[in-house]
Each structure stands twice: as structure tokens, then as C-alpha cells.
Amino acid sequence: MRPSKRAADEMRAVSFERGVSKHAEGSCLVRFGDTHVLCTASLEEKVPGWMRNSGKGWVTAEYGMLPRSTGDRMRREASSGKQGGRTLEIQRLIGRSLRAVVDLQALGEQQITVDCDVIQADGGTRTAAITGGWVALHECLRWMETRQMVKLDKVLKDHVAAISCGIVDGAPVIDLDYAEDSTAGTDANFVMTGKGGIVEIQGTAEGAPFSEEEFASLMALARVGIIRLVSLQKMAVA
Amino acid sequence: MRPSKRAADEMRAVSFERGVSKHAEGSCLVRFGDTHVLCTASLEEKVPGWMRNSGKGWVTAEYGMLPRSTGDRMRREASSGKQGGRTLEIQRLIGRSLRAVVDLQALGEQQITVDCDVIQADGGTRTAAITGGWVALHECLRWMETRQMVKLDKVLKDHVAAISCGIVDGAPVIDLDYAEDSTAGTDANFVMTGKGGIVEIQGTAEGAPFSEEEFASLMALARVGIIRLVSLQKMAVA
Amino acid sequence: MRPSKRAADEMRAVSFERGVSKHAEGSCLVRFGDTHVLCTASLEEKVPGWMRNSGKGWVTAEYGMLPRSTGDRMRREASSGKQGGRTLEIQRLIGRSLRAVVDLQALGEQQITVDCDVIQADGGTRTAAITGGWVALHECLRWMETRQMVKLDKVLKDHVAAISCGIVDGAPVIDLDYAEDSTAGTDANFVMTGKGGIVEIQGTAEGAPFSEEEFASLMALARVGIIRLVSLQKMAVA
Amino acid sequence: MRPSKRAADEMRAVSFERGVSKHAEGSCLVRFGDTHVLCTASLEEKVPGWMRNSGKGWVTAEYGMLPRSTGDRMRREASSGKQGGRTLEIQRLIGRSLRAVVDLQALGEQQITVDCDVIQADGGTRTAAITGGWVALHECLRWMETRQMVKLDKVLKDHVAAISCGIVDGAPVIDLDYAEDSTAGTDANFVMTGKGGIVEIQGTAEGAPFSEEEFASLMALARVGIIRLVSLQKMAVA
Amino acid sequence: MRPSKRAADEMRAVSFERGVSKHAEGSCLVRFGDTHVLCTASLEEKVPGWMRNSGKGWVTAEYGMLPRSTGDRMRREASSGKQGGRTLEIQRLIGRSLRAVVDLQALGEQQITVDCDVIQADGGTRTAAITGGWVALHECLRWMETRQMVKLDKVLKDHVAAISCGIVDGAPVIDLDYAEDSTAGTDANFVMTGKGGIVEIQGTAEGAPFSEEEFASLMALARVGIIRLVSLQKMAVA
Amino acid sequence: MRPSKRAADEMRAVSFERGVSKHAEGSCLVRFGDTHVLCTASLEEKVPGWMRNSGKGWVTAEYGMLPRSTGDRMRREASSGKQGGRTLEIQRLIGRSLRAVVDLQALGEQQITVDCDVIQADGGTRTAAITGGWVALHECLRWMETRQMVKLDKVLKDHVAAISCGIVDGAPVIDLDYAEDSTAGTDANFVMTGKGGIVEIQGTAEGAPFSEEEFASLMALARVGIIRLVSLQKMAVA
């Protein structure tokens, strides 16, 4: 029995609240249970220096946690003077995942920055950020389409969503919350597209090494979860 | 006529939403119109090094803005490697304001950190942060009282709230939003207690210098506004 | 009786020593009693990026304290790797105060940086810096006028000076030295122009909140002090 | 045909040169073809603050690249003032991988830091670092065993090695060099133990998403490669 | 003929003004012509961590330049976030030079920090700093002797002073000012004790390499200059 | 008798291994006994901003030590966030020394960066870096000459090499290793050209001051050592 009473293949309640920011071109407050991430997509005219005059655009992401989004208060990264390794690792992952479904040529020479700020954390913040970040990006591109700046369906080629799976007390389960995450023997994150292609896989043995069979069971769980997340994204942007 | 159609002495809709954080001992999402600030109060056992063994506690504050809380995306301070002067100035003000109504001796040797994170900005973020920060602090102290750690009414001696006033197009008005803030000739922030004592006054001529009479008119507006904010705080914590 | 034996409305001996720097276009060593601040005004051709091609110039200020300007040696900010919040707050105040009396259009697209370095501190360093900074700025603009670069009286529209007042042992006094500053219940800084306009007001309750009447008594003291400072500035630049 | 003329399942020449450092308790210069990484294992008596008095030890890793280890000179991280996201990500991976085969209790309250410095890069630096880092760690523990500080086979429970696989021009290949790495459609790193357990999997679509079948083919290649690396490690430490 | 009309072996006017700081235990404003350096010696009870419980004290130095001490305004190091290589090099030299004449055992476990801040620069700031720093250190030790904390003549074993010499337009000259410094072919700094021992020699070819004979001529000039500086130090502390 | 059994005027075994980097235009692994420094020379098209459009090129150097190049592991400078004073001092010295024999006009508007990374340290790393850096620079310029970019003998006017000498147990000796370096009373570094010109002299009293005669004995030793180093450089680049 999982601490949350969920079945092994049962995700937490997932919701997307769009248009939560007065200022951003696209925004989405995504909730995976008690994990809440505010995603905003900001259109900027500049692209990174190394892309200038390439005719191509860029999509990038930044990630942060509010100091008391967690059980114990964390030190504010702005105050400690640098972003930690975990933060950098996650925001690189979000950026790569979103770019996997974007046609940078069709975007044209402009940049969209997706900020993912964790308002409250209960495990799975990076997967929530990718999944909600896609909704914010979609909203931003629709905003641009309304202004004849892009064709939304040319730029955004597919959905992308992410879910964590892990082996807890010997059993594979989906969408770990913090209580499970901190005791999981193996923890894996899967990023997949609407068409079922895999964009990113990260699996880590927290305790004992895991076997290929165990990993396959996690991937099977993930596949079902992603299908559900993509279907929720479709409803959210409909 | 003000851009927002408000009367000169009319504040924006103010609301306090308590208990918005699963983790923090105290929390409050405060809204002054479209300015939304998430305030959390975190109890920590340590106090700053220079206070150790003093028998006294400490209340401090930190302030931050989400990158797209503003009309144009701001660079993330964690990424630029330091907090800007404005940020440091505001968080010092919030801390001083809250400490003005706290009996640090009665708190005992523990620290409460009030984080004020601007989710959405439309002028007056520092005054909202002080006013909402007080509610989060109150909730934290009540949490502690429930656990026999402190006597709430010994530690928290009074209310404290803050409001901005300014001279816009020659007329004194209260609670400036961004549209007014950016054109105001004079801008002043007032921090006052429930009993009417003044904790902090900051007045700045953005364009031409102002007169003592003009300043008096701003203070009169502020006094009425603070009374209203304190009354809303009372309802919020009732 | 004040520790310094001064009357409540009696400022410390104030002096301005001009031309103290071989290199700077304008310079002034200002003394408020034992508080000594070296102010230099440096003309630079560049303006900040966001002002380029605006046809307008810029006046900015930087502030620093020598490590042993204070009773206990302070850590050198260059060595700790960042300027503290108090430093940033003060240099922003100095810059705003000086700009309040400058016509940036008449200055034309060039920048003047006023560096205020505290050689010795005994309370009131920011007010001395503003008051002496104005003299350095005046000298710099005269240097420019001599070279037909500007019209001094077009660019510099008025005097600006600053003074601190506070409530010490229940009584309002002017121009606090360190001994008073560290025991004052209320501490306020006033920045005013030669014509009597107010540029900046900052009042802070260090202990108990203060009343409107108390604040008015501080402002009355300040007004007289500023008149005297402006008259001393006039003699200094004559 | 691969640019290097290797067969799809053919790794580059791998060698381990032990004892290359006069000072370090353990060291190994590992070569995967033209990728050369100097690994040193340093014994330190202190452990991180959060582990003190736990009776357990710690193994950590740091990673760096010499500025001209790459085709174009990279900026020295010591000079730019911070380690980049990629660096932090890799050194966290190396540390996790090595700890997966270490019994921290048996190590006792002391720390071993494995520094992996890339002398020359030609793709696969992180996999070489993990594989060579294990040899350096082994040598350090043997040094300690000689001094009756630990039992080597109690502390080091197994081998750990790593290899990259990728899909290049549609075909799965092992141990990508830089020429292949920069054109690979999919790139994956596998970290496994001597007993065949999986410690870490990281797969990334650089271009189009990949399928489960493709991923399985990479894992199959990796498994054979790891067996070979472990066998080379055995010879190296014999 | 030198730009300053001085003879080849003629130093600039050198003066030491003691007791210029209200707060510091020792202080000296040293002038070598238009080069003015404010030196303060601060007594602190702590010593660096690696010296604790050694029974020995420490003397260290810090060096800084006011932004407009130079012909063109330099960026403030506190604002750029780090001390430059030249600054660090000079403050290390000052510290080593002063320690060469101090008996750290006799000082006992306390630290003296000598801050050398350049108020105005015209060449030779490091030599002025060492020479004036010695006077500030002497004053500090006398202050301590008055309080029975040390025996001045046990701690301070000798004088130490420094002078620059260089080859300008082919001729060896002493005590270069900025005009000479920027055109000198060879530039050397000599630090010597009152008894004539050499503490530090630094010679640099700015243009063509120099010969042993040229270097000997510089050292001969320096020796005479140091004798004169030591004699001036004796008068200053008499 | 020296700890290494060497005669007073006997250098350690010196060797230059060229072409050790697959990527760099020039490279050399230099060994002075157990001191091993990897030097690479990288050609870059950009020059520093202040040299642009001057028609002249630039040669600069960077220096670093691997964390466990030393007896005790040093903290990685990239991780501590800044280069230490010793590092900056040494890399400035290497750059100045190399530029002393380069005709920047003949190089043309391009930059060569010589990175000197200490793989293993046993005293004398800076002298090894200068001496080996010259070989790497020579190789880089030959690479350029092959491509008709420069005339090697126009750009590189002479050899430059460096050696340390010191007074250990009262006797002058050459090429100190770490054991001697840490007990030397006086330590001096000499940088000289192939023609015998002096480029840089740095002498430091670590304990008691030294005399002119002692210094002369060190310089005599150095002169013979440099002749030998230059002769070895000639063989290395032949």
C-alpha cells in the first residue's frame, strides 16, 4: 500500500490552470497533487549571441524553488549567489525537452523563455514543470499566432510530457510524492511526446542497482502515464 | 480621474488568503489588486551568530520577484549571481517593519524568516509584502502557541501595515498601481502600527521636489488606508 | 544634554574643502564633525546602455567606507565580493538626490559619477555625502563650463543638501553623531533643495513607533539645518 | 562505416595507467581512445557537516576540463567564477556512480574525493571518468588497507563502469567519439556494476525522439561494453 | 632631464602624517609627492584559523585604490565583485614586507591588519604603502605598549621601507612618478630594512631586457633612497 | 648535502615533451624533476578589447593547479569561485615573460593564450611553466608559419627561460624542490632571455633579510642554469 493509498499505476490529481499571469504571453499553474509549479512563457526578441543571424529561434527554460516550497526552508539561491547543480540540471532538462517538439526554424529569430517556479513541492517538480511548461509554451505560441507572428502548428510539432516512476518497497509505482521519493530504491524520469517517442530517460539507483526487467516495468508504467498527461494537456489547451 | 477609475482615497481590493502553504508554519497570499505576494513564515531554531546566547529571538525577511511577475521579464537574481540593490533595500524594510511590533525577548532564541515572493506585480509590492507578511507571521506564532512554544500576544505586540501614496498629475492618491507609479511626481511609503504609531516613512521626489503640505496630504491619506488594512488583517486572522 | 554638549538644534562643524583631488574634474572633502567623506565627480563620455542615443546625460553615485573608517574594522567589500545592502541603499539615495537638481537634457549625453568614500565615520555619512557630493558636482560642471561643454546654471538647477534628525532620550535633535545614532529611538534623513523643496524623506523607528508630531518636530529642525548647509555650500563654491 | 572505422560494437582502445600521481593515495590516467582523464583519489579526514558523528564516510567527485582539452579553447571555469551546469551535472553523476558500490559504513568517518580532470577530450569524458575513477578509488582503498585503515573488500562492494551508446546515421553504436557525438540522433550513457546491475541510465534525443526498441538496442550494446570494461579494470588493479 | 625636474637620485618630497584616524590604533597618511596613501593599523583579537593556538600573532595587509585616485576613473572593485590580480599581488607584498621585521611570537596571538588605501595615485603606490604602513604599525604597537600588551622593541625588530627605481630614457632614476613609470624600460621595487638587509626585490623589463649592470645601478640608487626613508620614519615616530 | 643529493649548482632532470595535445596549435609537457606542467598554446582570432584595430597581437597566459597536484589536496578554484592571489600573480608573470620576447606587431591582430596547468607539483612550478610555455608558444608559431600566417623568427625574437634559486641552510642552491622551498631562507626567481638579458627578477626573504652578496650569488647560479635551459629548449624545438 502506497502512503497516499494510490494504486501502483495511479497518478496524483493533475490539473492545469491557464492564464494565471497578467503579464506573460503564456502561463500555466500546474498541479501534480501537492506539487504546484507556476510556468510562464515569455517572448523576447533577442536570441543568444551564438544564434544571431541564423534565422532560427530558441526556447529555453529556467527553474527555481521558493525558499519555503519545501518541508525545511531552503536557502534562497539569489542570496547564496549561485544556482545549485540540481537547479541547473533540471532547467537544462526542461529546455531540452521543450525544444524536442519545437521547430526552431519556424519560430524565427526570437526567443521564448519558460520559467518554472515551484510554489509548493511534494516530489516530481521537474516532471510537473515539463508538462506544465508545454501548456504555457502552447499559450504563448497561440498569443503569437493571434498576432500573425507564427503558425502555432508549424512551430509546436507535438506534445511533450514527463512523469517519474520508481521502485518503492520492491514494487514499481508511478508519480512518486516526496514520501515515496525519499525511500525509493530506484527513481526514473521519462519524457515522451504525444506520438509516443522518447525524448529523455533518466534512471538512478538510489540504493541497490536495478535490473533491466525492473527498468522495463518502470517504462511501461510511464508510457501509460504520459498518454494520460497528454490527454489532459489536450483538454487544457482546447 | 485615475487610470483605474478609483477615487483618490480608494485602495484597490485587498485580500488575504491564509494557509496557502502545505509546509510553512505561517503563510498568506496577499493581493492588492493585481499585485500578488506569497508570504511564508518559517520557524528556524538557529538565530544569527551575533545573537547567540542572548536569550532573544530574531525576525527577518527576504524578498524576491518571479522573473515574469513584471511586464517585461526580469533577469532571475539567482542566475545573475546577486540580489540587486532594490531587492536588498526592500527586504531590509520588511524585516525592520515586522520587528517593530515583535518582542524579541518574548520570542526566545529562535528565528522566524518571512519570505515575500512576488507572484505578480502591479505596483506596491513592498507595502503588500509588509501587510501580508504580518498575517503570515501571526499564523506562525499561533502555530507556535498551539505547541506551547510562545504566547502569541506577548510576542506580537501590535499590527503593522503599509501603504503607498503619491502625487499623480498634481493630486494626492492612495495605493498606486504600476500605471500611476511610473508617472507619479512623488511617491511615499508609510508603515504604521495598529495603534497609529509610525514605523517607517519613505518619501521620494521622482520629478520636481515636493512641499511639506503635499507630504502632509499623503500622510493623511495613508493614515486612513492603514486603519482599513489593519481592520482587514483583523478579519483575516480572526 | 547631548554627549557632544551641542544644543538640540546645533549641527556639528561643517566644512567643505574643494579641489582635493589632482585627477578628478570635481572634488570635495566634506566634514560634518568627525565624519569625513571624500567626494569626487568624474566625467565620463559613456552613459548607461539604456540611455544611449537619448540625447540625455546621467548622474550616478557610488559609496564606500574605508575598512577602518569605523570604530571596529569592517570587512573590505572588495574582498567579500559584493557591496552590502546598506551600501547599495545609500548610493542609490545619493544618486537620486543629486539627479533631483540636474537637468539631464542640458547635460547632454555624458555621465558624471560622484564617488563618496568615507575616510572617517562618526554618524551621518550619507547626509554628508549628499551635501559634499553636490559641491563636487558643482566643481565638475564648472570645469566643463570652462571648456564650453555645458552651461553650469542650465544643468544644475538648485542646491541639494541633507541632514539627519532623530529623537534621542525623548528629545528631537539635529545632526546625530555615532553616540546618538546608536541610541536614537527614531532616526530620519531629510534631503532638500535650496528653494526648500523636499527631495527625499526617510524616517525609521529604531525602538518604539513615533508620532506625527514627533516627525513634524524633526522636519522643522531639518529645515533650519538645510538652510544653513546650503548657505555653507554657497560660500564653498563662491 | 563509422568515422573511426570501428565496428558498431567496437569500443576504442581503453587503458588504465595507475600510480601516475606522486601525491595522491590513488590515481589513474584513463584513456578511451583520444579521451584522456586524470583521476586522483584523495583521502581526507573530514566529512561534510551533515554527516558528522554519523559513523559513516563519504565519497564525492569533482570534474574539470583543461581549457584546451577541446577543439576550441574553453574559458577556464576558475576564471569565469563558477562551474557551469554541465560540469556540476557530470560531477554529481560520477559521485553517485562511485557511491553505488561503496559501503559508507565500512569506510568509517572519512572522505575520499575523486578528482577527474580531462587532459584531452574526444567524446565520452564522463564515462571514462567513472570507469577510471573506480580504479583510482580502488588504489586509494588499497593504500588504506595497507595501513589497516579499512578492509578493501568490505568497502568496495563491486566494480562500476560506464559507457556511452548512441544512434548515429540510424545505427546503434558504442563508445562515441566527438565526431559521432556531435551528429548522433540519440545519445545514452549507461553506468553498471560488475554483477550487471544498473546504476544509472541517461538517454537523450538530440534530434527526433527515439523508440523503446532503439533504446533496447543501445542497452544491449552497453551491457557488452561494460563487461569488457570491468574485465579491463580487473587486469588494471590485479 | 626628468619630467619633474628632479635629479636622477632625487626622491619626491616624502612626508608622514600620524594619528590621522580617530578610530584606528595606528594610522599614517604617507605622501610621496602626489601619491597619497592612507595607512591604518587595526588590532584584532582573532588570528587566521590555521594559526590558532600557535601562540603566535599575525600581521597582514590589504590594499585598495579609490576609484578616482587615478587619471581615468577605475571601476570600484567592490562593485565588480572581486579584487584584481594587481591588488592581490600588492597586498601580499605589503604583508610579507611588514612581517619581515615583526617577531610574531613576541606579538602573541593577535592580529594587526594594515589597510593601505590610495587616496591619490601618481606612481609608486606600493612603495609608499609599505613605507607608511610601517609607521602605522609602529603607532599601533606603541598604543599596545602603553596598555602593557606588548613590548614595542621586542615585536618590531627593525624598520622596513620601499622605493622604486627604473631606467627611463636609458638612465637609472629613483622614485618614479606616473609620467616616468609609464615610459620606463625597466621598473624595479626594493624593500629593505633599517640595517640594510634586503626583504624583497622585484625587477621587470617593460620593454627590452635589462643587464646585470643596469640592475646593479638601480639597487645602488635604492640603497641610498631607503636610508633616507628610514631616517624620515625615525623622525616621524620620534 | 641537499635532500635530493644534488650539488648546489645542479638542476633537476629537465625534459620537454612536445605535441602532447591533439587539439592545441602548440603544446609541451615540461618536467623539472617531479614538477610536471602541461603547457598549451591556443591561437584565437580575437584580441582584448583595448587592443582592437591596433594592428598588434597579444600573448597572454593562464595558470592553474590540479587539486591533487600537491601533497595535500587543494580546493578547486573553479569551485571556490575565484582564482587566488598566488594564481593571478603567477599567470601575470608568465604572460609578461613570454611577451618580452615576442614582437606583437609582427604577430598581427590575433591572440595566443598559453595555458599552464600543473599536473604534479614539487616546487618551481612557475619557472617550469615559463620555460615550457616558451616551447609551446614556439610550436604554435611554427604551426602558423606552416600556414603562412606569420614568420616565426620575426615574431619570436629570442628564447626565454626561468629558474629559481634560494639560500637553504645558509648555502645558495639552484632549482629548489618542495622540500627545499619550504625551508629556504631566501627564494628568488629569475627570468632571462637566450641572449642573457634579464626579463624579471623576484627575490623574497622568507626568514631573515638577505644581503646584496647573497643575492649576487643567486644570480650567478641562475645565469648558468638559464644557459642550460635555453640549450635544452633548442634541442626540444630542433
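Letters A, B, C, D, E and F mark the chains in the order given here, with residues in each chain numbered from 1 onward.
Quick note on the criterion: a contact is a pair of C-beta atoms (placed from the backbone, for glycine too) under 8 Å apart; a residue touches a chain by one contact, two chains touch by 3 or more.
Source: prediction; values computed, not measured.
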| item | value |
| --- | --- |
| Same vs different contact residues, subunit A with subunit D, by half of numbers used | same |
| Counterpart interface for E-F, drawn from A-B, B-C or D-F and sharing over half of its contact pairs | B-C |
| Centroid comparison with subunit D (C-alpha atoms), farthest chain | C |
| Of all other chains, the one whose Cα centre sits farthest from subunit E | A |
| Rounded Å distance between subunit A and subunit C, as computed from the means of their C-alpha atoms | 50 |
| Gap in Å, rounded to a whole number, between the CA centres of subunit D and subunit C | 59 |
| Multi-partner residues of subunit F (at least 2 other chains) | 81-82 |
| Direction subunit F, origin subunit D - full chain order round the ring | D, F, E, C, B, A |
| Residues of subunit F defined as touching subunit E within the complex | 82, 84-86, 88-89, 91-92, 96, 100, 188, 192-193, 195-205, 208-212, 215, 219 |
| In the complex, subunit A residues that touch subunit B | 21-24, 27, 34, 38, 40, 42, 44, 62, 64, 66-71, 73, 76-79, 81-83, 87, 113, 115, 117, 119-120, 122 |
